[in-house]
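Two complexes, one shared chain (chain A), two partners (chain B, chain C).
For the complex of A and B:
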């Protein structure tokens, strides 16, 4: 459906069409506007945060520990006198970077495997699908926690563990798309014209599978960020002094009685960021899913 | 139908075997040496060798795995290196706390999501709809460990309405062990003070855990009720002159709630990950805390046992959901 629309668009007017589509998407609901605004803000802060941050995120000031929010320190300071606002800003960059790497790894591996599985079929398909079933039959977070614990606590290992649990979703998604596209005219035409399997996969299928993958990615960014900080919170992810949001919240946990701002602000940043990505992803999916669009009548008719 | 169930059962056995295989070999490459942890820093070579021999850790990995599987088939999950008790009885002791916590969370999230999702769908496009969607996405977005801390800060530290953690106050005598679920056991023995105390301790962790369930449920119910509202049979029922409430009750809700059942499996996945962090924050003596401590201490058998039990519950839930769906909707064909 969307695949067709996107494929049918001539590239010359792509920019203008994209602009128009964006405007239409934002016009659907103010929730879409809110989601997009949060995502843009977070991306902006992640890229430029270092320039905005008033302090070095790891700069100690033992004369100013556990200070409440004030003009000098907007989000207060932590137990070592570090500026929490600067640390939260640095955390935005870490979260975005980590989510991008996790999703890049799982999308690249998962989509490729899904396309191969759908295109080749037979025994290869059967084996790949049983392996993905095995992964999907297991609670993702528990598996990620077990893998991260096995590899030893570090942010890199968390990234790897989450990529390991994320890829099967993309394999299944891509395979489903390929199965429905495989028998369509443009693929058959390419086959008749003598294109090989590889050429069909790279030339025709990837382009058509991509839109649905992009929607899924937008839904998964929030989850990737959330899972990373949950693992850090459990001590399996980022280690001190890395200003990862989950790790800062762990540090702040013991000070919650005396310094409420310490775990509160990084948590707020985390919650709002995940909310933004989820709103955007949810809006995109609703917008693209034709069942939820158009003239579905309510009870009132 | 019989063949299908047999296939699903066979796949379930395969998955459970896969889980033992993956976790066993993963746990054996852990950098920490459990023997050293167990024996303490001052243990001599002979002592280490003795412990290795005692737990069969000096055998080659395939032999260890064979032994583990043989014991497993006899319901023996081995001995915890840390507590030195049977992992099976350890898990039996910790599991009820988790079941009680997640049961109430599932119930609360399910009912809340059902109401919010249907109301949002009936008022599609209105402010109520937007509020419902926003609350659903917020429920899925809020980090459970942070929400737990905030609730503690507000309702314990500031207002003093709820306890910080645990299942019962130390001053309250726990009810005798019947099901292991404190609220049930205390009701069965008519111990109302223990009952209210247990509920009081459940409140904050249940709300934290229910947030995600509520979010997922609201979203699914809203979508599926919207789908049903567009169906011809709903229009036909309206055209027939049935009252609005009757259309909603007989046609819309009955069909719209079907997908709610199918996401029970997903809900369980959410709960399983939530339980880990929520139990950690509220010092809830459940399987999540147990598994977490075991992972931290490189306690092979306990880690393996806890993971296995969680996986088995998960696989069973999904099997029941699949079969239930098959029963509810005969059109479903499995390829």
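For the complex of A and C:
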């Protein structure tokens, strides 16, 4: 199929190929469209939210506390009169930033370690795998909570704690891929050309492992956002007045009977965002899986 | 043969430790390559050709081990070199082209990136400079529109083009020795000729010595000046190419030459009866003895040494060689 496509359109540039791939991906299922739409919307709001927001998210207005949703305050106001719509928008930016940092840290560290582990094998592999076992043996969320609590409550510590929880998954994933890749002749060809283990890992195998890592990342973004909010909800993450969704929900929890909008809107934002990333991730995984056999496990063309 | 061999393999012994026992893959292989020379290693599958070349590169699979022997490259003993020192030699001083050009290229990297990687493994050049060298190189191996081709992926290239890329990559740093392990086996016959021609021209131009590994005697006749015939990890016969074809002395070589089909020749093909020996047994006597028409009592007892037959350049390891 790939070969045909290439033969038919040999002049295809990278950009147009990406565009066509995107169109094909969206054509598979309306869930893919929904997931992609939510993700694009959330990213858009995260980047431009500050410009859209009608109020400063931390601006107090004690004359207008706990107002219901209205034209002036779409999502109402909280117990200190802050505009909840502006706070939820600001929360989108925080959630995305936090997810990006968590995943960047865990993917960069975990993937490279996994590739080296699979490539070098022997004792190095054994040691790295036992370390990942150690981390994976703990319930992830409890480990993250313990780390965050030990370091002291703050958003930065939450990010660090979640990165510590996430990296072993990427190490395992990358190692598994490399175990099959390293028997391939192009690895021998690279060695013949004088490449060492690190050069093969960074110059060759990263690219082979990347598609499956990207799929895993798209699935994990939702989880990272959810976990951050959960830790913030427990008081271990973002501290007041940071408009992090979990933190806003904590504040609003006790008002659920008198001011339902206070915990509901940040909760909805969180749920929809996580849903969007999960739909996108699921779609990507299903879509890329048969192709993985072509580009990673077997022979293309 | 030149007086000063650039690569000299002496009594190389390689064994593999497997669950089933020890595999005696290479049992004392000896050959020399002079600077700019072309020699061939010929033999059927499992005769130890590839293992020998991987041993020279020190890239044997984990189970394999060089038990004894010497590999001397420009006066330097390679078998005791550190991995770091070996890495500096691979691709730069001694290069290798593998059998299957499709699987030798990484499917997810562009052609340009792969050539650049090979350059950057040894030279501290930027990506841009490496790409320029790669473009130049593709042109030199007869791939038109080299600049655009750099952006292509391996699956967009034909088998012949891929092998050209591999040859180009192997020669990019002007190595002193190129080991070509069945470089054309995976290719169409028409493409084979072109690729061999290219290999011949480039190595001649750069003065690269070539060790050609093949089971195809036709290719050997065209490409090499000297041929070493291997069987079950032993050198059976070693002679200048012309001499070997004209006056083969070892019964196995005679058998090999007799099993080449020739158009117009009367008489049947004469395959060598039987199968190669089990390499898991420790070799006693000549490994070809069970299949040999000229075997004598001594063949069961001892492996004959590789000694000059008619003249000093024609070596044969046989108790009862074919009379010339």
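As a convention for this text, the second predicted complex is superposed on the first by the 278 of 301 C-alpha atoms of A that agree within 3 Å, B and C clash if a C-alpha of one lies under 4 Å from a C-alpha of the other, contacts with A are read in each partner's own complex, and residues count from 1 in each chain.
As a convention for this text, contacts are C-beta pairs under 8 Å (C-beta built on N, C-alpha and C of every residue); 3 or more make two chains touch, one makes a residue touch a chain.
The structure displayed is predicted, hence computed values, not measured ones.
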Open item on the list: Let me test your reading of the model: by the given contact rule, A:194 touches which partner, first (chain B), second (chain C), both or neither?
Closed with: second
Task: First (chain B), second (chain C), both or neither touched by A:137 - done: first
Task: Greater chain A contact set [chain C / chain B] - done: B
TODO: Name the contact category of A:184: first (chain B only), second (chain C only), both, or neither.
DONE: second
- [ ] Look at A:235 in the shared chain and tell me whether it touches chain B only, chain C only, both, or neither; answer first, second, both or neither.
- [x] first
Open item on the list: Under the stated touch criterion, which partner chain does A:264 make contact with: chain B (first), chain C (second), both, or neither?
Closed with: first
TODO: Would you sort A:203 into first (chain B), second (chain C), both or neither based on which partner it touches?
DONE: second
Open item on the list: Need the overlap of the two footprints on chain A, from chain B and from chain C, as residue ranges.
Closed with: 296, 299, 301
Task: Complex contacts: residues of chain C adjacent to chain A - done: 57, 59, 62, 87-92, 95-96, 98, 100, 102-109, 117-118, 120-122, 153-156, 166, 169-170
Task: chain A residues within the chain B interface of the complex - done: 29-31, 130, 133-134, 137-142, 145-147, 149-150, 152, 222, 226-227, 229-230, 233-236, 246, 249, 253, 256-257, 260, 263-264, 267, 270-271, 274-275, 278-279, 282, 291-292, 296-299, 301
Open item on the list: Could you list, by residue number, the parts of chain B that touch chain A in their complex?
Closed with: 11, 14-15, 18-19, 23, 26-27, 29-31, 122, 124, 130, 133-134, 137-138, 140-146, 149-150, 152-153, 157, 219, 223, 226-227, 229-230, 234-235, 238, 244, 247-248, 252, 268-269, 272-273, 276-277, 280-281, 291-292, 295-296, 303, 307, 310-311, 314-315, 318
Task: In the complex, chain A residues that touch chain C - done: 2-3, 6, 10, 121, 184-186, 188-196, 199, 203-204, 207-208, 210, 295-296, 299-301
